[in-house]
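Each of the next two complexes has chain A plus one other chain: chain B in the first, chain C in the second.
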Partner chain A sequence: MNEIWVLVTGSLVGITCGLTGVFLILRKMAMIADAISHTVLFGIVMAFIVTQTLNGVWMMIGAGIAGILTAYLVQVLQSNGLQEDASIGVVFTTLFAAGVLLITLFAGNVHLDVEHVLMGEIAFVPWNTWTFVGITMPKAVWMLLFVLLLNILFLVVFYKELKISTFDPVFAMSLGLPLVFLHYAFMTLVSFTTVAAFDSVGAVLVVAMLIVPASTGYLLSKSIKVMLISSMAVGIMSAIGGYYFAKLFDTSIAGMMATTAGLIFMLVFLFRPYEGLLVKKRKLTNIHEIVVK
Partner chain B sequence: MNAIEVSQLTVAYENTTVLHDINLHVPVGKLTGIIGPNGAGKSTLIKAILNQLPNKTGKVEILGQALNPKNNLVGYVPQRNAVDWDFPTNALDVVLMGRFGHIGLFHRPSAKDREKALNCLKSVGMEEFANRSIGQLSGGQQQRVFLARALAQEAEVYFMDEPFVGVDAATERTIINILKQLKEKGKTVLVVHHDLQTVRDYFDWTVLLNKTIISSGPTNITFTEEKLQQTYGGKLFFMNEKNNKAVTERGSLSAIR
Partner chain C sequence: MLSGNLLWVLVGASLLGIASGLNGAFAFLQKQSLVGDAAAHSALPGIAIAFLIFQQKDLPLLMLGAIITATLSVYLIQGIINRSKLKSDAAIGIVLSVFFGIGIVLLTIVNQSSSGNQSGLNDFIFGKAATMARSDLVWLSGSVTLIITTCLVFYKEWKLMIFDATFAKGIGLPVERLRLLLTAMTVLTIVTGIQAVGVILMSAMLIIPAATARMWSDKLNIMIIMSALFGAFSGACGTLISSLKTGLSTGPIIVLTASSLFLVSYFFSPKQGLLVKIRQRRQLEKQALEQEVQGS
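Presenting the complex of A and B:
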């Protein structure tokens, strides 16, 4: 039974991150996601210091605020003359460091150690359950389901606005679309997704689950819908494959999930139809043979 | 009534004035060229009129009212290189984006919107490419898709940022024919334009711009050698050389006359 919960949790991480990751990639914000995955730590610790509980709802709120703060500060530095990558670097390391300091100062004895935040521990997920409307499930599964639902809702309601503001923001602005709202709403969702995936895979590997499946989908797709589906599929495959590989080699589940995602990406990169490296190479060899003959 | 009425418009970035004291009117139904050297602020003028710049002062009216995207009076063709053409979508989907102003929040494009988008693709000669990935289109085809998207907006006043840059001759002819059709339907079109040779043929209203309005009015009155020299500040010869046109200063100006 526990094994099933670990697989369910992993798959939910794959689906949720895969969904969010698609627009992160298309909006060229992969590095912002990296930043947010770290700065939510600051938000979580602040939530703990203020409420003195490790309640999931407060953690979400804290993380959401931290995510928006990160996106906002990066924007401020950038529009005042600093390059985007440097802005991200400054904001994310500073807030993350503040989070680490706050943990050691104020939250030393609680279950909120840095290693856990960075690496997560999906194997412990089944023991931390929560009962709601008579259903008892691991807390991580509840959180992931909630965030997945939010993500789907946001996507369904704002799909066309999200698409146009991603493809052509200048044109979207001329239509009077609420670009600023969309940006920060999306950043909030990225923060929520990060927190929900935290417990299982940790801050570092959640980035892998956000970026790698979506990038794989990008290589395979000619439309956003196909990209969404393939990204989620790669996410699930990475989670399930990662679990069994980890069992086989007796090693970190989260680490193996990210590694599996990386392997799938590599395979697709090399062997994808039409544009894969190997296909190109074979074509080149053929041309070479023709020329030599 | 004027299609566009701009008064005392000034745009500044970090203490550098990009546009200064712009006073401009364009009557309804004019096909208008915005002409000026590189860095004259042509694209900035369009963006300022469309209310896309924060550091702007002055007043802009479109058909007698303040700009309001909700009433769908304005159509826009941004510069083609402003977007990532590797974006995973097809030509029809891009044209469909032109309908979003009419569709509104929380609604999906209807079958009728799709039909309109397809018709717009047809009118730029691109219907057979409807399902083609935009990354596989040539520069000229991409520009046609952008024009089709603006047509799908069913606007009254159109702003086009360098629609003729980097397109093939056939596309340029298609585009100018469509712009002339728009004019015949009583629409107003503003085009940021580079090629001085074609100004007389294309536009019946001309705006000469270099940080401020040098001259604006009917092409036969505005587009003169003297005013052009004033606009380009003696850089006319240099500009032609850069465009790889084998014309002397005299030659290029005789083309204007």
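Presenting the complex of A and C:
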């Protein structure tokens, strides 16, 4: 039974991150997601210091604020002339350092140790349950389901707007779409996704689940719908594959999930349908045959 | 007050600050700041592999492993960008997170093996500046000297490469090899610093002093010197502050010192500072208004 819950949690992480990741890749914001996954730590620690509890709701609020703050600060530095990569670098390393310092100062002996935050421990997920409307499920599953629902809701409501503003921001602006609102709403969702996943796979490896499956989907597809589906599929495959690999080698499950995602990406990169090595080789031989004839 | 150990840490942190400040300035201008971040994360699996192969915690051996995987990561990022439609941000993100994942997998295996229990490899993630000893300093100062010398020797070539790569190629400079050398130096800086400030905060030392220096000067030579000075100051100041009270870990304090410098520069620097820019904008508005009044 426990194994099933771990697999369910992993797959939910794969689906949620896969969904959010697609728009991160398309909007060229992969590194902002990396930054947010680091600064979420700061938000969680602040939430703990203010409320003195490890309540999921407060953590979510703290992380949401930290995520928006990150996106906002990066934007401010950039609009004042600092190049993008440096803006991201300055903001996230600073907030991360502040987070680590605050943990060692104020929260050293609670469950909030830095390593747990960074690497997560999905194996402990089944023991921390929560009952709601008569159903008892692990807390992490509840949280992931909630965030997944939020993500789907956001996508269903703003799908068209998100698509236009991603592919043609100028056109979107001329239509009068609320670009700023969309940007920050999306950043908030990314932070929520990070927090929900952080308990199981850890803040740093969330980045792997956000970026790698979506990039794989990007290589595999030419339309956004196919990309969404393949991204989620790769996310689930990485989660389940990672779990069994980790069991086989008796090592970190979260680390193995990221490794598996990387493995799948590598295979797709080499053998992808449109421009992979195999296709290029076949094209070459085709040309060769034509020339010979 | 300056006990022996603190002195070593102080010297080490300042040296490291100089090296990362120098190198970070070049990486910053090449828009490679986040590549450094990825390389820092990618050093982790190398350290773990080196430990698994040699079964000992000899610093040079671990560093060799770190150098190999960090260099590999930079290559892979370039490869992904060149051979697919993925952009640089996605490529950096993929390599960074997957290498870090592999690193954690290997680290867990190391920690479970009998000899790895006391290996202290976990220190590489967050750094242990406070335990820097005299023996570490020999290694540190050696590589820092190498980094500084290389920066001085290749200053002119790198300058040309950064600001006009086409012209540099035109007059016959081996631009690709120069770029490789810069990457190699960045990797060396990262690998040197990892032990002190850790994988994650190492990238801060590469990025923040350079970004701070950029606020103060438009000239490359001045920017580089300032970047090195800011790095050294953050290292020394951070070490001193963290020695005031137990619980103030050195790595984060060093980074926060660097960030405070950045923040001050961001607002008050005479050229790029926010205050100056606001004043300029006000003056422009005033002028425009006066002209409008005169015109009507």
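Quick note on the criterion: the second predicted complex is superposed on the first by the 279 of 293 C-alpha atoms of A that agree within 3 Å, B and C clash if a C-alpha of one lies under 4 Å from a C-alpha of the other, contacts with A are read in each partner's own complex, and residues count from 1 in each chain.
Simple rule for what comes next: a contact is a pair of C-beta atoms (placed from the backbone, for glycine too) under 8 Å apart; a residue touches a chain by one contact, two chains touch by 3 or more.
Given the structure is predicted, the values throughout are model-derived calculations rather than measurements.
Asker: For chain A, which side has the bigger count of touched residues, chain B or chain C?
Answerer: Result: the larger residue contact count on chain A belongs to C.
Asker: After lining up the shared chain so the two structures overlap, which partner does A:51 touch, if you call chain B first and chain C second: first, second, both or neither?
Answerer: Touch partners of A:51: none, neither chain B nor chain C.
Asker: Return first, second, both or neither, reflecting whether A:168 touches chain B, chain C, both chains, or no partner chain.
Answerer: After superposing on A, A:168 lies in contact with chain B but is clear of chain C.
Asker: For A:218, is the partner it touches chain B (first), chain C (second), both, or none of the two (neither)?
Answerer: both
Asker: Regarding the shared-chain residue A:176, is it in contact with chain B (first), chain C (second), both, or neither?
Answerer: It touches chain B, and chain C stays clear.
Asker: Just checking: does A:78 make contact with chain B only, chain C only, both, or neither of them? Give me first, second, both or neither.
Answerer: Neither partner.
Asker: Per the definitions at the top, what is the overlap between the chain A residues touching chain B and those touching chain C?
Answerer: Of chain A, residues 28, 218 contact chain B in one complex and chain C in the other.
Asker: Show me the residue ranges of chain C that touch chain A in the complex, using the header's touch definition.
Answerer: Within the complex, chain C contacts chain A at residues 28, 31-34, 37, 80, 83-87, 89-90, 92-94, 96-98, 100-109, 112, 122, 125-126, 200-201, 203-204, 206-208, 210-211, 214, 247-249, 251-253, 255-256, 259, 262, 266, 272, 274, 277.
Asker: What part of chain A is in contact with chain C in the complex they form?
Answerer: Contacts found on chain A: 25, 28-31, 33-34, 38, 77, 80-83, 85-86, 88-90, 93-94, 96-98, 100-101, 104-105, 108, 114-115, 118-119, 204-205, 207-208, 210-212, 215, 218-219, 246, 249-252, 254-259, 261-262, 265, 269, 275.
Asker: Show me the residue ranges of chain A that touch chain B in the complex, using the header's touch definition.
Answerer: 26, 28, 157, 160-161, 163-164, 166-168, 170-171, 173-177, 218, 221-224, 226-227
Asker: Using the touch rule from the top, collect the residues of chain B that touch chain A in their complex.
Answerer: 47, 50, 52, 68-70, 74, 76, 78, 82-84, 87-90, 93-94, 97, 100-101, 103, 105-106, 108-109, 133, 149
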